[in-house]
Structures are given as structure tokens and as C-alpha cells.
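For reference, chains read A, B, C, D, E and F in written order, and residue numbers begin at 1 within each chain.
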Amino acid sequence: MAQLPAMLPPIGDDEASPEVAAIYADIRKTRGTDFINNFWRVMAHDPAMLRRTWESLKEVMGPGALDPLTKELIYIAVSVTNGCTYCINSHTAAARAKGMDDAMFTELVSIVGMANETNRIVTALQVPVDDAFLER
Amino acid sequence: MAQLPAMLPPIGDDEASPEVAAIYADIRKTRGTDFINNFWRVMAHDPAMLRRTWESLKEVMGPGALDPLTKELIYIAVSVTNGCTYCINSHTAAARAKGMDDAMFTELVSIVGMANETNRIVTALQVPVDDAFLER
Amino acid sequence: MAQLPAMLPPIGDDEASPEVAAIYADIRKTRGTDFINNFWRVMAHDPAMLRRTWESLKEVMGPGALDPLTKELIYIAVSVTNGCTYCINSHTAAARAKGMDDAMFTELVSIVGMANETNRIVTALQVPVDDAFLER
Amino acid sequence: MAQLPAMLPPIGDDEASPEVAAIYADIRKTRGTDFINNFWRVMAHDPAMLRRTWESLKEVMGPGALDPLTKELIYIAVSVTNGCTYCINSHTAAARAKGMDDAMFTELVSIVGMANETNRIVTALQVPVDDAFLER
Amino acid sequence: MAQLPAMLPPIGDDEASPEVAAIYADIRKTRGTDFINNFWRVMAHDPAMLRRTWESLKEVMGPGALDPLTKELIYIAVSVTNGCTYCINSHTAAARAKGMDDAMFTELVSIVGMANETNRIVTALQVPVDDAFLER
Amino acid sequence: MAQLPAMLPPIGDDEASPEVAAIYADIRKTRGTDFINNFWRVMAHDPAMLRRTWESLKEVMGPGALDPLTKELIYIAVSVTNGCTYCINSHTAAARAKGMDDAMFTELVSIVGMANETNRIVTALQVPVDDAFLER
């Protein structure tokens, strides 16, 4: 599959500095898999960015008020709206691993499509926010 | 609350044509409330658009593979990414009515923020899609 | 109507430098009206930007292969998709002055909404471009 | 032409369920061509979504207040602003079939570019909406 | 200045939990000012999000390879492109405090406008990436 | 590297009209290189658009209040936020030629990512602009 080359080449396990290797190890342990995707391997050129992004993602996508599959669906919704191909592919794979089937996926796509449609209709018609929505 | 005026004035119950009145009645019946928000009242200037949008939204947001609250969270995620103030306010109100509490809301916001951040990082670094993500 | 203040105050006719005054005069002559909207009056703080933007806009929106009303409809479509409130208001006023009625406006809004919906569906489903579309 | 694979494989005529086959038939009849593009064939995995989207698109892009070519130009303007490659390719082909020549296409591109530029300038300078634009 | 109310009310100093108070103190110390803007005060409803976001921002906007003013200009460029009014106002104030004058601001706006224009032209014309740009 | 074909084929030096050839010559002279990238060669199908865009870009990216490298960083920030692959590749090459090293690039990416994150958080929480930011 021909794709444009990354801005910086992915860093393999044998090229990783001790700092990067430690983060790779934590990703493997947290996710329970040996596989580390290109996102982390390219970002590893800036170890501080790698650490910061991984620590934040681990916290945001970890246990909380929303269940893990719902979190992935939200991630896909944003990635589709932004047109990020890599992100759609990686989080769709993650969502499928957490139980998303074809019917859930196409329903998600329908909602994302519909939300983008009504967002623009509202903006074009300049609909004023109803007082009822401002009661907190 | 001073806002810019709508492009076309909201159509009240007493101004509604029979076609519009029938859709207003279906919105009230489907949602189990007498309240009809400005989105529908402004769109009512084009009865075909009102009918089409309402029929689609009723189908997409109705019973399906995903639960009603999850659907609202997805709607908010898209609306935030598009910067649609009206949509954020209306769907946040809807999500709260379906059980979203403050902890769920701020966690949703954290995920939407994080997804927007990593979407751009991926785009900037031009990360190639891993072969593993292309196995369907 | 309370709005946030401009980043730089609009420059009135009596405050305009000779360079700015000459561009104001050309805007008035080209448009056949004495009215100069805030877009130009705020931008006038940078006369080179004012001149460059006005010369480009005059050329792009002037006589060409597409008729003046179609050009305004395209401008509105982009402004809605970007969520630029000022631009939607100014170009809707311009389109109405060139013949856009309510039916044309709501049909435009329907198309913009629909295009935004299908754009996201296509992106989410990662639909491959058909060979037929690549024949130029 | 190597592209990433669709999220779900396109559904051929011989794989189509009766419900999908009926919609394929309506697309062929409405458009007066045997060709059905990948957008519909991938979406066919969710027959309700296929039906809903096709019915809406047929209505929105059918006879109305705006002529067919103008509608396609608006569709392209939105698709370019959203960066949807598939949509740009499919609607450019449709617009050419309805009479768009090279001069109209490059003029469209100029307007879309210019609108995106002034949208951002307006946003950055926080230009207040002129009272004149709020007279409806 | 009438604005829509925040989704959650800003948390004042006297309402802050010890965890929030400690972050407020670090913001004050790091920035050398007693002023804490609404961004942090609203986010304080989720102390983990407040801590994570502040720690990341402090690191990203702190000393590094780019000078502080350049960092603020980049932040404004993104905020304008996303249409985030609050962000444009807060980072424009920060940039001015770090030395941005009117000429630098309008030049920044010109570049952001131009980049948005050429981004769309490139997308519409589907310009293929030159081999020369792929040599890393 | 397989990419989708341009909407209109790049115009080589030997196919250029006198008007296009003169602009090609000015690009070469201004940039001090014989290389003319595909952006200009595809746009050359509309000589007026080529002239207008080149004249504007030459002025905006030429000597001014900001240094040449800062201007390229701003261009990249916008291009990443818009997801314009061609633009990211061309302006990253330009920035590297003007002195951007790996550390500056990854720091730029961190800022762009962070700004996109906080832009969405602000939008979701509907943070009101602080009075302090409105003092001009």
C-alpha cells in the first residue's frame, strides 16, 4: 500500500534510547500486546512529546466515567470530522477489538454524518440558542 | 441574552401551515414534551427541509445498535469539533436529560480535546497507516 | 446588538490616510454605493493588506465565467462550512441584493448541509475513488 | 491507483439484497446511467442508511429553485473546504457532465480559495457585523 | 459584554479545593501574575483535567527550541483557523505582552489568510506532491 | 509514489504561454532556484489566478515585520490544522531550507497539537472571554 513517507522515520525497538524504550515498555504493559503502532514510533523522535502524549492518553482513555468502547466511538467521531485517515483506521481497529460490530459502526457513521449536516444548517440559519438550553 | 437574529424568524404554533403543524405534532409526540426548539421553528420556512431533516433525525437518533446517551455524546463530540454553539447547547441539554452528569461531561470534553490534539500530530508527522489496521 | 469589540477599531472616512481613502473611493465606485462595511474599515490598519485583498476580491468576484449570484452562493457555502458568522451575514445580504429569495436560500442551506453530511460519511467509510472519476 | 481499502467492501449487483437492489435500480433510473459509484456500494452494508441518504440526496439535488449545475458547484465548494478527496472527484465529474468547463472550474477554485482567506481574516480581526447586514 | 454562560461556572479562589488551589498557585508563580483566566477556572471542575492540561501547556509553551513570541503566533494561527474566539482573544493578549505590535499582528493575519486560501486551492486542484519535497 | 492525478495536468516550461512563462521567470528569480513546484504548474491553467496568487504570496511571505522562518512555521501550523498534505510537505521543505531543525519541527507539532486540544476544550466548556482580554 503506497503511502507518503513519514516526516521522520519510525523508531524501531533496537534504535530506541533508554527513555523511549521505557515508554514502549509501558505501552506494551498497559495495552497487553507487543504491538506498538507507528504513531508512537514516529513521535519517539521527541521523547518529551512521546512521554507527555502517552501519559495523557493513558489517563484520558483509561478507567473513568465512560466505558472504554464509548470512548473509542467518541474518538472516531472527532477523527472523521477532522478527516484524519490514520486516526480513523487506528481507532476503528481499537473499537472493533472492544466489541464494535458492523451495525454499531454504520450507526456511528450515520450520527456523525447527521451531526455535521445539522451543525451547518444551524450555522447558516443563525438559530438563536433557546432560553431553555441555558438553564444549567 | 443578546444574540444575532435568526436569518428567518422562528415560526410559532399559530403561524404554522397544516404541513408544518403536523410535523410539530410528531416532534411533540415522539419526544413526549410540548417544547419545540428554535432549530425546527426556523427551519419551518422550508417545509420539505423540515420534514426531511426531522424524519432522518428521528430515524438516526431513535432505537438502534447504540444506546440513546451514547448517541448524544457522539453528537456533542462532532458539534464541539465543528464549533457549533447552538448544537453544543442543545445536545448537552439532551444528554443531561438522558443521564449525563458533570463527570461524564468533563471526561467527554477531555477525549474530544485529546482526539483533536492527536489528529493534528498524526497529520503533521504524516504517520503511515500500520498494516495491522488494514486487516478488515 | 452586543458583540465583542474588533481587534483594531474601524477606520472612519475622516481618519483615512490618502492610500486608504483611495481604496475606499474605489470600493464605493465599483459597488455603486456609499456604504463601506466593517471588514474593509478594520483591515485598513494595514493599507497593503487592504489594497491586496480588495484588488483580489474585485477580480475574483467580478465578471467572469460564472454569474454574480452563483459566486455569492459559493461564498456563502464556504462561509457556512467554516462557521464565519460575519461572512455569512455579509454575503447573504449581497446575494439577496443580487436576487436570492427565501426558496433559493433554504435550498442552498439544504445542499450545504447535505454535502457536509456525505463528506463525513465518505471519509468514515473510506470510499475508494472510482476509476470513472479519474478520467480527465 | 493504490488507495487504502474501504472500511467495508463495495457490494456488487449480484450480492445485493432485494432492498438494496431496489435502491440501486432507482439510482440507475433517476440518473439515466448503469453506473453506480462506490459511495452507494459501500454504504449498502446498512440498507436503512442507503435508503435515507439516497432519498434525501435525490430530493435536495433534484429540481428546485437553483439549477443543477449551480448545485454541483456548491457541493464542490463544501467538499474542497472539508478536504474530502472522493467528494471533490465525484462532484467535479458530475459538474463537468452538466456543463462545467475549465474556466468555470478554475474560477470556482479562485472563489473558494478567496472565501477561505477572507473568512479567516474576518475571524482574526473579530470584525463586528454591520447593522446594515442585520436588516432582514 | 453579554456572552452565553459557561457550561460550568468559573471556580473562584475561595471555592477551590486544595488540589485546585495548588494548581492555581503554580499558574500564578509560573506566569508571574495574580490573574487566572476563565479557561482554568471553568476547567477546575475536573481537577485531573486541570492538572493534566496545565502541566502539558507549561511544558509545551515553556523554554525550548522556539522563542516565546513565535510560540504565541503559532497558537493564534491555529485558533484563527479553528474559529475559537476565546483562544484568539487570550493568545493575542499574551502575544502583545511578549512584544507583538500592530504590524506583526496584521502580518500574521495576512499569512493565516493566505495559507487558508492556498490550502484550499491545492486541495481543489489535487496537486500531486513533488518528488523534491519527499527527500527527507 | 502513487498519488491521484491532478485535476489539470502540470504545465511544463515548453508548454507555457508568454504570460505564464513570465511568471515562471519571476518565481525563479525571486526564489533563486530553477525549481518550480507543481502548485504553480497546475494553477497555470488559469494565468490570472497564477499571477494574482503569486503576487500576493510574494508580498505576504516577503520581507516584513516577521522573519522568514517564523512565517513558514505559521504556514505549517495552518496547513496541519486544515489537513493539507501537499502544503505541509512543501512548507516543511521550505522551513528546513530556512533553518528549521528536528527539534524545532517537533516543538511546532507539539504546539499545534496542544492548540487544537485547548481550542476544543474552550469551545465545549463555552468559556466566556475575560474582561482583561478585551482591553485593547
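For this structure, a couple of remarks:
Keep in mind that, in the parts below, contacts are C-beta pairs under 8 Å (C-beta built on N, C-alpha and C of every residue); 3 or more make two chains touch, one makes a residue touch a chain.
The model shown is predicted, which means the values in this text are computed figures rather than measured ones.
In terms of the stated touch criterion, the partners common to subunit A and subunit E are B, C, D, F, listed by label. Taking the mean Cα position of each chain as its centre, E sits at the greatest distance from subunit D.
Here the CA centre of subunit A is 21 Å from the CA centre of subunit B. Inter-chain centre distance (subunit B to subunit C, centres taken as mean C-alpha positions): 27 Å.
Across the assembly, subunit F contributes 1-2, 4-5, 7-8, 52-53, 56, 60, 81-85, 89, 92, 103, 107-110, 112-114, 116-121, 123-126, 129, 134 as residues in contact with two or more other chains.
The touch graph of these protein chains is complete, with an edge between every pair of chains. On the subunit D side of its complex with subunit A, the touching residues are 2, 4, 7-8, 45-46, 49, 52-53, 82-84.
Of all residues in subunit B, only 4-5, 7-9, 48, 52, 56, 59-60, 129, 134, 136 touch subunit D in the complex they form.
Put simply, subunit B touches subunit A in their complex at residues 1, 3-8, 35, 37-39, 42-43, 53, 56-57, 60-61, 64-66, 70-71, 73-75, 77-79, 81-82, 84-87, 89-90, 92-93, 101, 103-104, 107-108, 110-112, 114-134. The part of subunit F that touches subunit A in the complex is made up of residues 1-2, 83, 85, 89, 92, 102-103, 105-107, 109-110, 113.
Taken together, the subunit B residues at the contact with subunit F in this complex read 76, 80-81, 83, 85, 88-89, 108-110, 112-114, 116-121, 123-126.
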